[in-house]
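Just so it is clear, A, B, C and D label the chains in written order, and each chain counts residues from 1 on its own.
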Amino acid sequence: MAELWRPIRKILREPLGALGLFLVLFVIFGAVFADLLTGWDPTKINPRDRFQGPSADHLMGTDQLGRDLFARVLYGGRIALFVALVSTAVSLVIGIILGLIAGYGPRWLDNLMILLFDAMKSFPTVMLALALVTLMGPSLTAVMVVVVLVTVPGYARIIRTQTIALKTSEYVTAAQSMGASSARILRVHILPNVIGPLVILASMDIPVVIGIEAGMSFLGLGVRPPTPSWGSILNDGFTNIRDTAWIAIAGGVPIIITTLGFTFLGETLRDVFDPRLKGR
Amino acid sequence: MLSYFFKRLGLAAAIVSVAMFLLFCMIYLIPGDPASVALGPRATEEMRAALREKMGLNQPVLVQFWNFYIGAWTGDLGDEVLSGRPVTTVVFEQLPYTLALIVGGITWSVALGIPLGCWAAVSRGSWADRVVGILSVAVIAVPSFVIAIYALLIFAVELRWLPAIGAGEPGNLGDQLTHLILPSLAVGLGWVGYIARMVRASMLEVLEASHIRTARAFGLPDRTITYRYALSIAILPTVTLLGVGIGQMLSSAVFAEIVFARPGVGKLVYDAILTRNFPIVTGTVLITTVLFVLLNLLADLIIGALDPRVRSSF
Amino acid sequence: MSNEPILKVADVQVSFPVGGLGRRGAILGVAGVSFEVNRGETFALVGESGSGKTTLARAVNGLQEISAGTITFEDQRIDELDRKAMKPVRRRMSMMFQDPVGSLSPRMTVGDLVTEPFRIHGVEGRNLRDEAERLLTLVGLPTNFASRFPHQLSGGQARRVGVARAIALDPALIIADEPTAGLDVSVQGEVLNLLNDLRERLGLAMVIITHNLHVVHHVADRTAVMYLGRFVEAGDTEQVFSAPQHPYTAALLSANPEPDPDKTHDRITLPAEVPSLLARPSGCEFHTRCPWAQSRCSTDAPVRQVTDGRAIACHFPLEPGARPPEQSERAVS
Amino acid sequence: MTTLRLDNLNVSFSTEAGPLHALKNVSFDVPENRIVGIVGESGCGKSTLINAILGLLADNGSIDSGSILFEGQDELTTLPSSRMRDLRGPRIATVFQDPMGALNPVISVGKQMLNIQYRSPLSKEEKTARAVEMLELVRIPDAQAALARYPHQFSGGMKQRIAIAMALMMEPALLIADEPTTALDATLEVTTIELLKDLQQKIGCSVMFISHHLGVIAELCDDVVVMYAGEVVERGTVRQIFQDPRHPYTARLLECDPARQSERTRHLPTIPGEIPDLRARPAGCIFANRCDRVADVCSTPPPDENIGDGHIARCFVADTPAETGVTA
C-alpha cells in the first residue's frame, strides 16, 4: 500500500500533477457511474425538446434531436476511455515485441522493420483512417485498428533505439561474457530498463488516442450514430453552430478536460519518475 | 554532400515503395471489395463484374500490385469513378490549397514557437518559463479539430472578426490571407507548443555543453553565445521535428478544411468517401504520403546544410 | 606457480569491415598476436587508445570473432565454439569491464548482481543469499550492501562488486579490462591489492588490460606492450620495467614518471599522433613517431625476436638507460 | 606582483538536502610568471574553484565570504558581470578538460578564433593572420587551411592544442588549465605539457594548472596547492610538497601513486575511508576520519601552520614531517 501511495504523493506535490490527476479521476468517475448520474437515455429522441439550453432538467441542454447532452457526454466518456486504454495497451505490447526483435535481432531484419515502421508512419493519420474506414466501414474496431497502426511504429522505434543502445552497454556485454542467453538478456537486462520510459510516453499518448477517436467520430468514421461519442456530439454542434453553441460546448469541453488531464498527469509522471526523458 | 543527398533520396524512394505495398495490402486484405464499395448496395451483379474488370480486379494479385506500383510511379493512379478524370489531375488541383494551409501552420508555429522556447530557456525557472511550459503542453494536448471549431465559434460566428467559410476570392490575395488566418491557426497552434518545448529543451541542453562554458570563459557577449553559439545548434532538432510534424499537420488540415469549408485534399477525400469514389481516396493517401516523405527529405537536407557533422559523416 | 599454460593465443587477428557501399574494406584491429598465460600467473596487456588491447581481450573471451589464429583455453580450442558450446567455458573464464558502475545492470541489486552467474549457469544446491554474503565478504564489502543498487555505490565499491561477480563460479582465469579506470589514486591501490589477494588465495590466472604501466608493475608477472594491434615488446614485467628495449615502451614508461620534481625532466617526447589503422605506416609501424628511427625502419618491418623469454619487434633495441638522440632540437610536426 | 590572490574564500551551494559548503577558507597565491599546480581527487572542489574565479558559478552557488584579487586591483567577488566578461578571455583565459566538447561543433575553427577577438581593433585580415600564427605556434599542420575546418575534423590532441591556441591568443595574464591532458593518451600528454610550458615562457603569463596526475604536476609546476574536500590542506613550492609533505593527506596521496613505488610491491598503499558529506562538515579537521595521525585535538579546527618559506599546512602536527616511506 505504501508502495502505491508514495508515487501518488509525489504527483500530488506538483500542482500540475494534482490538477491532472483530479481531472482524470473526474472523467473516469463520470464514465463509470454514468447510469447513476443521469436518468436520461443518451439515445432517446425527443423532438419537442430540441435545442434547449442548460436547465435543471437537462444539465447541458439538448441537441437537435432533443437528446439529453449530459447523458450523451457521460456515455461518450465510456467510449473514449475504453478506446484509449484498450488500444494503447495493445499497441504497447505489439510495439515492445517488435522493437525488441528489431533492436536485438540480425541487422537485415532491423533494416527491414525500420523501413516498414517508417512507411507506416509516413501515412498521415487521418488519411490512413479515411482509407481504412472506406473499406471496413465505420466502427469502433476500425478506430482501434487505426490507433494501433498509428502508434505501434513509434513505440517499436523507441524500444528498438534503446535496445540497440543497451545492446553494446557494458552491463549487457558483461552478461554475455557470463554466458547469459539472449532471452535472459532481453528479459533481465534490457526490458526493465526500456519499459519504464515507454509506459510514461504511452500514458502521454492517451490524449492523442482520445483525439483520434473523437476526430474519427467527428468525421462520421467512428462509432455509429446514435451511440454517443464526444466526436459525434461535436459534429452535431458544428452542424448546428449557427443555431446554438451549447452542443459544440458539450462535445468539446470534455475532450479538452480529458486531454489536458491526461497530459498534465503524464508530464508529471515523467518528470517525477524519469527526469532523463524531459529536456530539463 | 552529394552522396548524402542520393543516399537520402534512395531511402525516401524505398519508404514510398513500402508504403505503396502496405496500402495495396490493406486494400487487398481488408474485407470489402473496392468495386462494391464504389457502386453502393443497389448495384447489380453485372455492374460489379464490369467495374471489377475495368479496375483490373480479376487479375492475379501480383499483377495487380505490379500495375498499381508502376502506375503510381508514373503518375497514373487510375481514373475517378464519377467523371472519369485522372485521379492525379483532380488531386493536384486541390493540393495548393492544402499546402497553403500547412505553410500557414508552419509559419504560426515557427514564428511563435522559436521565440517562446528561446525566451523560456533563457529565463529558466521564472514565471514566464512556467507559463510558456503549461501553455505549450495545453495546446499540444487539445486536438486540432476542437481548436478549429472553437476558433470558428468564437472569431467567426460570435465575434464575426474573420470569415468562416471558403478560401477567399480567387486572385484577391488579401482576402485569401484573411480566410487563411483561422484555419492555419487551428493547424499550427499545437505545433507552437511542440516547437516551444523542443527549442527550450535543446537550448538548455546546449547551454550546459562545455563549448558554451568555453565561450563564456573567453568572455564572448551573452547575445553572441545565446543566438550564434547556442541557438544555431538548438534549432537543429526543430527542423527534424517539423519534418515529422508535417504529417500531423496534413491530418489537421483535413479537419480545418471540413470545418471552414475550404477546398483542399482533405475536403476532396472526405467528399470522395461520401460518394464512394474509391480511387480518389487511395490516390490522395498515396500523394500525401509521398508529399510527407519528400518534405521529410527536405528537412534532412536542411539539417545536412546546417550541421557540418552530419555533412561529413556521409 | 606452475608453468602449465592455461591460455594459448596464437597469431590471432581481428578485422573490422569499414566503409559503406562501393568502398568496402577491412582494418586489422588486432594484427597477429601470440601469447600464453600460465596457471596462477598475471599477464598484462598495455597500450594506448586504439592499440587493440580491449579488442584482443574481447576476442579471447569470445565476444569478438577472430579472423585468423587460434585461441586455446584449458587444452580446448575455443575460437571455433558456438555460443552454446562456449557457455561452459564462461564458467572457467570471467571478464571484468572498464566502467565500474556502468558494467552493473542498473535495476538489479548488488545481491542479484553477484549471484547472477549462478542463475545463468543454473548452479543447483546453493542458497543464493548465502553465496551473495560469502562473495561480498570475500571482496571486503559489508553484507548489507546486497540490497543496494549500482548508482548508490562509489566507484571503488562498484569495482569490488564487479570483482565479486567475476569470482563467483571459481573461474580459472579472469580478464580485467582497465580495473583501475575512473578511480582516484587513493582507491586504485585498494582494487589492485584485492586482485592480488584473490589471485593468491584462489590460485587464479589473470589478464589485466591497462594503459597505465605503473599499475602493471605491481600486479603483473609478465607484460606485453601493444601498438597498432601488435606486440612491440613482451617479457618479464621486472625486466621490461628496468630495461625497456623497444622505444615505444621506453616512451610509455617515461610518460608516467615518478612524481619527483628533481627527476622528471627526462621524458621521451613522441612526435605526431598514433597513425590511423586505415593507413598503417610502412616498415616498422612505429617509425613515424620513433625518436631513434633510421632509414631502414621505414622500409623493413622488424621481425619478432625472442631471447630469454623476452620478445621484441625492433631493428635497434635500446641499451638500458638510452636517451633519444638530439631530443631537444628534433623538429616536432 | 601576484597575478591572483585568493584569501579565505568560502563558496556554498543550496541543494535540496540543505546547503553544501563546497569551498572552505581557501587561500593561495598565483604569483606572476609562475605555474601553480592544484592537486586533488574527485570531490575536492577543483571545478568549483575555477567557476568561482571565472564568475561562472551555477545559479544555486554563491560566494559567502573571502576575496579573489586579480592583478592587485580587481576584486573578482564583487566585480560587475560586464566587467568580469571583459576580463575573461583577454586577461584570464581557460582551457577545459574535455577536448571533444570544448569547441562549438557547428562553427568553423577560424570563425571561432575570430569571434574571440571581437574586442580587438585589428582588421579582419590581421585577426586571421593572428589566428594562423597561433595555430602554427601549437603545431597544427597547414594552419591556413585548418581555419576553414570544423572541430570534428581534428583529432583529440589537435583539438586540445587548438583550445590552447585560442586561450593564449589574447596573451592573457592568467591561464587556467583544468585537467587539459587527462583525456589524452600518456604519450600525447607529454607533448601537450611541453607545448604548454613553452608557450607559457613565450607569452609570460601565470598558469593555474589543475590535475590529479602527480607526475605532471611535479614536472610542470613551480608551486603546488593540495586540495581535499573543498579545503587547501597544504601549499608550497613543488619541492616542499613532494619532498617534505607535512599534511598527512599529502603524504598518503603521494604514497598511493603507483609510480612512486619504484620497488615492485604486491601490496599498494591506500587511503581507507571516504570524503565526508560536505553538507555536514565536521567541526574539526576535514581529514580526521581517514587520518592515521588523528588525535583528540583534531576535532577542533586546525590552524594554517606556517612551516617556513611559504610552506603552509592546515594541520596540528604540521611541524613534524609526515611519516612516509619517502624522505626528503
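Here, a contact is a pair of C-beta atoms (placed from the backbone, for glycine too) under 8 Å apart; a residue touches a chain by one contact, two chains touch by 3 or more.
Only a predicted model underlies this, so the values are computations on that prediction, with no experimental measurement involved.
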Neighbouring chains shared between chain A and chain C, ordered by label: none
Chain pair, B-D or C-D, that carries the greater number of C-beta contacts: C-D
Centre-of-Cα separation between chain D and chain A, whole angstrom: 54
Intercentroid distance (Cα basis), chain D paired with chain C, Å: 31
Arrangement of touching chains [line / ring / star / complete / other]: ring
Interchain contacts, given as pairs of chains that touch: A-B, A-C, B-D, C-D
Chain B-touching residues of chain A, taken from the complex the two chains share: 16, 115-116, 118-128, 130-137, 207, 210-211, 214-215, 218-219, 221, 234, 237-238, 241-242, 245, 248, 252, 255-256, 259-260, 262-264, 267, 278-280
Chain D residues touching chain C - in the complex, by the definition given at the top: 41-42, 139, 141, 155, 157-158, 185-191, 194, 212, 214-215, 217-219, 238-239, 242-243, 252-254, 256-262, 264-272, 274
Residues of chain B defined as touching chain D within the complex: 125, 209-222, 224, 228-229, 232-233, 306-309, 312
Chain B partner contacts - residues on chain D that touch it in the complex: 54, 56, 59, 85-90, 93-94, 96, 98, 101-108, 115-116, 118-119, 150, 152-153, 163, 166-167, 176
Chain A contact footprint on chain C (complex, rising order): 61-63, 86-87, 90-91, 94-99, 102-108, 116-117, 120-121, 165
